[in-house]
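Working notes for the structure below.
So that you can tell them apart, the chains are marked A, B and C in the order they are listed, and the count of residues begins at 1 in each.
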Amino acid sequence: VGEGFELATPDEELSLGVRVLNQVDFKNFIPNDLDPAISGLYLPRTRFYFTGRLTRPIEYEVSVQRSVEGVIDLLDGFVNFNFNEGFQIKFGRSIVPYSFDWYDHLEPYFITPERSLFPLNFGLSRQAGLMAWGYLGEGRLEYAVGGFSGGSIGIADDNTTRDAVGYVNWRPFLTDERFPRLRYLNLGGSIAGGLTVRPEAERPIPLRTSIQSTENSREAAAASITFLDFEEDVRALGDRVQGTLHLAYYGGGWSIESEVQAGGFQYKKMGSPFQPRVPVIGYHVTAAYFLTGEEPPDRTLIVPLRPFDPLHGQYGPGAFEAFARISQIHLGEEVFAFDLADEDFWARDAYLTDVGFNWYVNRFVKFYVDWQHANFGSPVLVNIRDGDRSRHSDLFWIRCQIWF
Amino acid sequence: VGEGFELATPDEELSLGVRVLNQVDFKNFIPNDLDPAISGLYLPRTRFYFTGRLTRPIEYEVSVQRSVEGVIDLLDGFVNFNFNEGFQIKFGRSIVPYSFDWYDHLEPYFITPERSLFPLNFGLSRQAGLMAWGYLGEGRLEYAVGGFSGGSIGIADDNTTRDAVGYVNWRPFLTDERFPRLRYLNLGGSIAGGLTVRPEAERPIPLRTSIQSTENSREAAAASITFLDFEEDVRALGDRVQGTLHLAYYGGGWSIESEVQAGGFQYKKMGSPFQPRVPVIGYHVTAAYFLTGEEPPDRTLIVPLRPFDPLHGQYGPGAFEAFARISQIHLGEEVFAFDLADEDFWARDAYLTDVGFNWYVNRFVKFYVDWQHANFGSPVLVNIRDGDRSRHSDLFWIRCQIWF
Amino acid sequence: VGEGFELATPDEELSLGVRVLNQVDFKNFIPNDLDPAISGLYLPRTRFYFTGRLTRPIEYEVSVQRSVEGVIDLLDGFVNFNFNEGFQIKFGRSIVPYSFDWYDHLEPYFITPERSLFPLNFGLSRQAGLMAWGYLGEGRLEYAVGGFSGGSIGIADDNTTRDAVGYVNWRPFLTDERFPRLRYLNLGGSIAGGLTVRPEAERPIPLRTSIQSTENSREAAAASITFLDFEEDVRALGDRVQGTLHLAYYGGGWSIESEVQAGGFQYKKMGSPFQPRVPVIGYHVTAAYFLTGEEPPDRTLIVPLRPFDPLHGQYGPGAFEAFARISQIHLGEEVFAFDLADEDFWARDAYLTDVGFNWYVNRFVKFYVDWQHANFGSPVLVNIRDGDRSRHSDLFWIRCQIWF
């Protein structure tokens, strides 16, 4: 459908498609005198996707990502047995069916540059696992249920954790002629339970506002405000339970997405007898509207009605989509009471407001222009050199993305 | 031949073929209470091969591997000058012509999921070098001889070692009409000598049963039982000589492979005046039989006679191949006498029995189902947390592999 | 043009070209008893380029490099808005328009295997940035001006630096019928200013003779003589200004390139109150001549007039190009006076002479054969085990390169 390239053998039994994603960020923090966060250019994601068929019902994907840290690793590597639309089995490393914000659509189709606060910091990302999934009722009900190897710092999995995950998305009016305007209404939720049986080698990664990271690297720290950093001797250990409920609507040029998330995460401070469970809740509401008339049925490829393509005499403006999002996260007082993090420097409440627009130059090139205002429940250490703390922070953010 | 994709310029002088390998392992250790080994999902190999011609006689390969540690690196990178079938020169990084188990066929064509004990732990893997090789006598005699940069921990080569390697494989009856059943009988051997002139930065990697690894990483340790771990202050230093003899037979649906290996490896315990030479011997015998009628002439692509391809009305079972292997390794008493490893925790004898089957769903998708029983000559530390030691261990192992 | 492969959609609006570069080095140091430098085989560069169009005026490149350290990372990742030949905007990670030796042509087209001393050690390599560039006057004047995220150890950018860079290359007689022999005369220069606002985590990388490296790794140290290594507690901190002037001529089979470079680089010795600025000057003059009649207009793809291609009955010698280069670098006495490096072990003057030839077997395969003699202003520590120091060193160097 105009996305990527596909090679296939003459009998069409074997195919290889190639897709590429590259994102370049310009981030300007206000005030500018922060440390480790620093204004500048970042390369959050470069991805190569290789996908196709190995005879018709067997599909595969092998993809590779270079993340902001400069680390290249396997993103996905799975085989999908597509018995029929309603029952498919996926085996290998793939995205975990947890949270609409994670599972429903890929990064290039986001409204805002990155996910909202809870999924950004407590999402299950990609893991190795076995998963049954499919679409029932002519596509009205999407489900996925699986067992996964568990989330972990770093992309290499040392399997000290286990996850069981289930996901449902229901589009009740998808095939109902009576309510055409509600056709692309999505309702659903997901639930995940996991167990970390041995302490990881490193503490959990810090909580951040504008980057998704699998390593606690210098580069990740430079690319975002951190609002909660765990103490050196804290480890994820014990159980985790987390659930989400979502409501999303697409239609008439509008994209409206909302999700509430809640979870409990057990930690261990080494040397301490306790294994406190920290409750975390979050939500986000995002709304976007195409000013240029496009009316996508979900977050997918946008083909601008009036693309910018001067060599074909097309001087259209491309597509413009204005957006706004509010997103909040709240951690229980246990995080400070059990000395998992230092109350003097970090906050257990964060509140983000994003306002901006997306400019789709053509099918392949998209600019995100975002103003992100962050408020914190208590002063946050924004400059570790000077010891400066602040209850808020602003970020002006331009992302240039190519995707085909 | 139905494998991979190839692009070529119209004059066919330049070509680029793309091939992909992805393996996903489910490993269940019995008993399950081990540390660092842990049951779970692993991604032992993801590979991208790019191969082709640079005008007809000049061939190249550049390939990249992602191994279980999450490290992506160059696998092969060489140019081959194909003057004629009998005399070819290969320059660059490639597989070293040592051991039938390593050199004769690629990983996707294995009978058992991984190599036998000696090649798994003392193989020469891939190195940069210059090598002459070819097929003489209408393919009856394959030879290879070369100089290589030497094996080393990690995939980046810091060239503190040197290797000279020679390999011969003889198929005496390949073109002999009188003994059609012996056509694919293989006899041969290989020899390698090397010198490590400076101590590496790290100790040698531990000896393991079910994973091949170039780094002593947490992930590699989790994916396999370790039966001998060198002391922290031990380094490979001095000379190495190792040889192999093999006998393999393919025909009538059978694959029978056997090899004996012997070598001497010099080590140095830092601070000690000695540089003990540890003799190591090993062997394996592997037998496999296709229950579904396929009769391959060597370990190569299997096209099932009755593939599973429901969209073309083919509901065949694919190909089934039952296999069994015994494999043993024995290290000299020097390894304990000179305190290279701790006798209380590790064994210098290991004996593996593998029984299982391979299911070739179609040309591209293969499942290995293996039961691996390991016996050790003395109790081995299988749980470093509790200090538990054991003389045996079982592993139930499923590998899903795609290869095209 | 016979280079690489290109896929395109039927409407030619989206295209994906694939190009591959692989280099294998044999380096023999004389004398051979050096440490950490050691004779052997090295893999300095393996690159995959993915380039193309995203509708006609919008071009992209995403490329990946594996360097001598075994590290794979993003090389380039940018979008270029090609409004017209004279005005283009490039956004993302790309080569910085500083120094003719860096910006004019890609590595596969080099005369000598690596760049000359100043660009090799003080070049700006690749950075994320925003750049305007183009060709004016029917190609006679090439310009580029941009802002970049600043050079840094390692390929992941943690953005503690900023660079502004400008570049001009003028071919005054390119379209002038009166002086056909001066058609490919190039005159120009570049200037770059930067600021490092926070000390990096590591000291600057050492100065070397025959490898370009972004990490101070064991492998990089093994692959080249080091003539100046900074003290452990030295950091790049403060401003940098550097400029170059170049004169190059191509024609009649000749390639003549020359450049002078000068700069001032501020460093900080931790614990010391000073931030000394070290002046550095350098130059190189390189001449090469095709013995086999090829007459390229610049450093670009060479199609040998008589290629070696026996399968098409072509037994030509390929193309031969003899070359010689002198290259010098001089650092101010501040580098020793402020204890940035140890005068007893390192030199602040280095002088390289390269003599050799390039053999272009065909369009895709090139061998560099180089004798490199290095002289140092004072004895340099060439064997850290024995403490041997020397004022000179020789290197016999063969590089096998494939590029398509």
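Keep in mind that, in the parts below, a residue touches a chain if its C-beta (ideal position, glycine included) is under 8 Å from a C-beta of that chain, and two chains touch if they have at least 3 such contacts.
Computed from a predicted model, the values in this text were never measured in an experiment.
S.K.: Same or different for subunit A and subunit B, when you check if over half of the residue numbers at their contact belong to both copies?
M.R.: Subunit A and subunit B contact each other through largely non-matching residue numbers.
S.K.: How big is the rotation relating subunit B to subunit C when the fit is done on Cα atoms? Please round to the nearest 5 degrees.
M.R.: Angle of the fitting rotation, subunit B to subunit C: 120 degrees.
S.K.: How big is the gap, in whole Å, between where the Cα atoms of subunit A centre and where those of subunit B centre?
M.R.: 38
S.K.: For subunit B, give me the residues that contact two or more of the other chains.
M.R.: 72
S.K.: Please output the residues of subunit B touching subunit C within their complex, sorted ascending.
M.R.: Touch list, subunit B to subunit C: 7, 9, 13-14, 16, 50, 54-58, 60, 62, 64, 72-74, 77-79, 91-93, 128-130, 149, 154-160, 162, 198, 201.
S.K.: Can you name the residues of subunit B that touch subunit A in the complex?
M.R.: 2, 5, 18, 20, 22, 24, 26, 35, 38-43, 46, 48, 66, 68-72, 217-219, 222, 307, 309-312, 361-365, 400, 402, 404
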